[in-house]
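As structure tokens, here come the structures.
In what follows, subunit A forms one complex with subunit B and a second complex with subunit C.
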Partner chain A sequence: MWWALLFIAPATVGLVALYLWPFLSTFVKSFQDVPAFGPATYTGLDNYVELVGDGEVWKAFGNSALYTVLVLLGIPLAVVLAALIEQVSRGRSVYRVLFFLPVVTLPVAVGMVWRFIYNGDFGLLNYVLSWFGIDGQFWVADPRFTIYAFAAVGIWMGLGINLIILGAGLQAIPKAVYEASSLDGAGRVRQFVHITVPLLSPSIFFVTILTVIAALQMFDLIFIMLRSVNNTALADSKTIVYLFYEKAFVQFQQGYGAAIAIVLLIVIMIATALQFRLQRSWVFYG
Partner chain B sequence: MGERRTWPIHLLLIVASVIMVVPFVWQLLTVFKTTPEVARIPPAILPEEFSLHAFETFFSTVPFWSMFAVSTGSLVLRVVGQVAVAALAGYAFARLPFPGRNALFGLFLAMLMVPSQLFLIGQYGLIRDFGLLDTLPALAIPGMFSAFGTFLMRQAFMNMPQDFEEAARLDGANPFQVFWYVMLPMAKPTLAALTVLTGLYSWNDLLWPLIVSPSGENRPLPVGLAGLQGQFGTDYPTLMAGALVCSIPLVLVFLLLQRQFFRGIASSGLKG
Partner chain C sequence: MRHTWTAVLAAAATLLTACSSGSSDAAPSDGKVTLTYANWSEDQAPAMEQIAAEFHKENPNITVKVQTLPWPEYWSTLQVGAAGGTAPDAFWMLADHFREYAKGGALIDLSDTVKTAGIDMTAYPKAVSDSYTYEGKIFALPKDFDTNGIWYNKALFDAAGVKYPDDTWGWQQVQDAAKKLTDPAKGVWGIAAPIDAQGGYYNTILQAGGSIIKPDGTASDFAGPEAVAGLKFWTDLQKAGASPTLKQLSDTEAVSMFESQKVAMYFSGAYWALRFHKNADLKGKVDVAPLPQGVKRATVTSGIGNAGYAGSKHPEELKKFLAFLGGTKAAEIQAATGTVLPAYKGTQQPWLDSMPEFKLQVFIDAVEYSVPLPVAGNTAEWQGLAAQYLAPAWDGAKPVEEAAKEYQTAVDQVLAKQ
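Moving on, here comes the complex of A and B:
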């Protein structure tokens, strides 16, 4: 038993000091007014009351929700691409590498490249759109478009990860199922709809859960594309984690920041629980 | 399926791959252009002459090598620390009974479910109170402990046969020797997956370094690159050159260790 305690001690000390304790202190601080210097004072539910009446918080949750819904559109795309990659034998690893490149590129660098592509005056996107007679827009300087612009990058960045997880799920589907349905004369599209999607649904569900959690925590893109260059569109484009960062670590209102973080936790818990409830109607466990 | 034609599938995949790669190609073409050339409408696809000016500007304004050293140093610290701590704890959770084991494991699982932002205020307070702001250890310390890593290692050890352990124990090996000589070598694939995942998060992380490097000293690459963007807002060739140079190290590692990256992602899929 002493051996067990030696093995477990480093992890437990770290967990308690750097995770459990900070978590509890965030919870406590959410009921406090915490000035940058000097002692904190308990203010009961004041932070939460302020938060409910704070238009900026609602706006940030709205932006994060919109971003999350948009990024979810990348999942059907990932399912189709994963199934296509599974169908080919030659070049499979080349495709995987290409789709994975954005995952191993610094997110900061990704944000910089896309900001250039989105540039309203001479960006590549507006140029390509002009071929089709579509008017260019200031994609990241106009708050009407920022969240959509971020979501496109979010889908592009997350595709590689989703493809790997879905690819592992596809390989677990017995080949005999496809062979049997081929003998019955089923074409590729029918096989995809009636075999691949139902049998892959546990993996799709898993990817959906991960995507929602990650999307609700979006921070890097907004920091790079708007905050680091003091873009005025930032005011209307803040996501919930960005607002948390700004309150807790730029303005050092840690009590208010803590309350935002607690609400984020609750939102993520509700979103996840909701998905577990919804899965009963669409996830197939054979 | 083997007899079916695959070229339509390849065609679709090639189109998708091209869309995926266009941003990188555009970046590569831009780094060799001059600043006025980039602002031209319609844009010139190829640079008029291959100018290395952007790289010169980048390397003369940004202390790339010191940022690279900070990124690499904190990555090594975090990966080695996390893998060691998680392997030990994972083994105990899987194989060494002790009172309260299930309750403690439940606590680890609970922390695994909590989004990382909930820890930041408290972790920042600890780092500040220990006088570690703007230091290399500050970047690595919280990430050295991971409920996720512990969970992953526990799963790996639980799936191993018991026979080897018993044989070693009968030969008089103590639990650490059993762990070190018998079990750890068998866990190599999981260790590699955890190493790659932890390294990826460490290398890419922006929010935590921003918080604990307020003065700008000991900045890792993402923070330095963000600063470059603030400084050279519309000098796109320089920005693209910086983004390229800072991204290349991990891309190279990925190309060498593709299998480990894919395994790591498949075994977890957890982001952040």
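Moving on, here comes the complex of A and C:
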């Protein structure tokens, strides 16, 4: 008994110190007015009441929701790409490495590079668009486009991990199923739709869960691409986690920031629980 | 459903633990003490190292470790550290953050140190030293200061046949010159007009006779006639097309536009001098003139202060180090390396001599008519609202009066929360 506890201690201690305790302290802070320094005072539900009436919070949730929906569009893309890579007979790992590179690249570097690509005056994207006679835009300086611009980067950055998970899922599908179906005259496309996708659905489901959670927590892109340069589009492009950072760490309102974090936690819980409910109708556990 | 909750909690946990902290540690077993000294500038770090080494030479028992943090992380790291007891011993402070730290008791009181070490507070620009005093106590000694001037590109002025700016210039001359210098065919603009408080509209509001924040600090003045005139100085330049648009300035910072010779004039501080000096493309092309005169002369000024952490394990050594930082030797090292304009009176000559191609005396002369950067209430919060409220005035979607009024209302709401 004691030995067992000793063996799980390293993991448990880390879990409590790094996850559980900060979580509890955030929860408590969300009911307090916490000045930058000095004692906090309990204010009951004040933070939450203020939050509900705060247009900035609603807007930030709206931005995060839009971003999440857009990034989810990357999943069908990842499924198709994973299936295609599986078809490649030589150099499969080269493709995997190429798609995985963004995952191991420093987000700061990624953000900087994309800022150049999106630059309205000398950006690569506008240059390419000009070949097709399309007018360039200020992708990350015009609040109409920022969330879409972030989503494109988000999809690109998430692709590597998704491909690895989906690729592993593909390996687990028995080859016999494909052989049997081709004897029955099924083509590549029908095989993809009727065999690959259903048998891959547990992996797709897993990837979807991870993507939604990560997307709702998007922070680094906006921080690097907008904040560091005094961008005027920032006010209209804040995501919920960015707003949390701003309240808690720039404006010294830790209590209010904590309340935002708790609400986001609840939103993520609901979104995840909802997905588990919905999976019954489409995930096939063979 | 158990795995649902595991996933949910894991997600929650990663979210809620997204903070970090710096630490300072020392084991004074043999009377030797190590202090940490945090800053946010790669450019200035070598000078800080030199100061630390010089201090160590005078005080062999005290070693100072210089920590350079990236600007975007500096304040969150410092705040978390100060609240959690792991802050650096000495660190740079800014006027707009100062009040929260002083009020919260996070800073070591230097009032006695000033007396015992015989530090002459009148050696610093009053506008800067005043901003580091809270309830009559001194919590930081000015390290440097900056005032604003017109950085201009001589080559672009020559090409357009416009006379260089000088101390006779008023607002009208800037407006006229900016229009004449603008050449859309070449992609050159007369001036950069971003929504910039410190280098931009704070100065023009003051020059128009406005006050920004009312003297008692309980309300702002952005919508008064003087303030509106000060804001219009910039929106007029935007309207005339004499500046890159807000979107362009969001994509590419004003200073980068100036460095790539896309804009001929850039209102900003002395702190760019070293960067322009080191830029080979700008050799012989850049100089600086005083800000133009409105109804009167004015520039905001601010400066970094050196402050100490109240929870430091070595308060006596820390005070000694802070006194050293506030003294002439530290100032001279900064001046000689051209790092910044040191706050200590009479130590600025080496700084002037280090970059003789610029008329840097402009920045020192400006101390005479300088006004402290406005701070009141939760300064970071109301300053953070500026871009969103003023952008419609800048890009012409709203009359300046209306945008200014809305901004004032928003600022006053923040100030009322005190």
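General remarks:
Convention: the second predicted complex is superposed on the first by the 270 of 286 C-alpha atoms of A that agree within 3 Å, B and C clash if a C-alpha of one lies under 4 Å from a C-alpha of the other, contacts with A are read in each partner's own complex, and residues count from 1 in each chain.
What we mean here is this: contacts are C-beta pairs under 8 Å (C-beta built on N, C-alpha and C of every residue); 3 or more make two chains touch, one makes a residue touch a chain.
Model, not experiment: these values are computed from the prediction.
Upon superposition of the two complexes on subunit A, a steric clash is found between subunit B and subunit C.
Of the two partner chains placed by the overlay, only subunit B lies in contact with A:I85; subunit C stays clear of it.
Residue contacts after overlaying the shared chain place A:W282 against neither subunit B nor subunit C.
Legend: residue contacts after superposition of the two complexes on their common chain; A:Q217 is shown touching both subunit B and subunit C. Of the two partner chains placed by the overlay, only subunit B lies in contact with A:L124; subunit C stays clear of it. By the touch criterion defined above, A:F23 reaches both subunit B and subunit C.
Comparing subunit C and subunit B on the residues of subunit A they touch gives the larger count to B. Applying the stated contact rule after C-alpha superposition, one finds that A:A261 touches each of subunit B and subunit C. Of the two partner chains placed by superposition, A:W58 touches none, neither subunit B nor subunit C. Once the two complexes are laid over each other on the shared chain, residue contacts for A:A11 go to subunit B alone; subunit C is not touched. In the superposition on chain A, A:A36 contacts subunit C only, with no contact to subunit B. The clash between subunit B and subunit C in the overlaid arrangement falls on one stretch of those listed (130-138, 166-174 or 238-246), that is 130-138.
Under the contact criterion defined above, the residues of subunit A that touch both subunit B in one complex and subunit C in the other are 18-20, 22-23, 26, 115, 119, 121, 213, 217, 219, 223, 228-230, 241, 245, 249, 261, 264-265, 268. Across the complex, subunit C is touched by residues 18-20, 22-23, 26, 35-38, 115, 118-121, 123, 138, 140-142, 209, 213, 217, 219, 223, 227-236, 241, 245-246, 249-253, 261, 264-265, 268-269, 272-273, 276 of subunit A. Note for the complex: subunit C touches subunit A at residues 1, 4, 7-8, 11-19, 72, 75-76, 79-80, 82-83, 100-101, 103-106, 194-196, 246-253, 378, 380-381, 384-385, 387-388, 391, 394.
Against subunit A, the residues of subunit B that register as touching in their complex are 1, 4, 6, 9-10, 12-13, 16-17, 20-24, 26-27, 30, 38-43, 84-86, 88-89, 91-93, 96-99, 101, 104, 107-108, 111, 114-126, 141-142, 144-145, 147, 150, 174-176, 179, 200, 203-204, 206-207, 210-211, 221-222, 225-227, 229-230, 233, 236, 239-240, 242-244, 246-247, 250-251, 253-255, 258, 261-262, 265-266, 269-272.
Within the complex formed with subunit B, the residues of subunit A that make contact are 1, 3-8, 10-12, 14-15, 17-26, 29, 81, 84-85, 87-91, 93, 95-110, 112-117, 119, 121-122, 124, 127, 130, 156, 158-159, 161, 164-165, 167-168, 178-179, 182, 188, 206-207, 210, 213-214, 216-217, 219-220, 223-224, 228-230, 241, 244-245, 248-249, 254, 257-258, 261-262, 264-265, 268.
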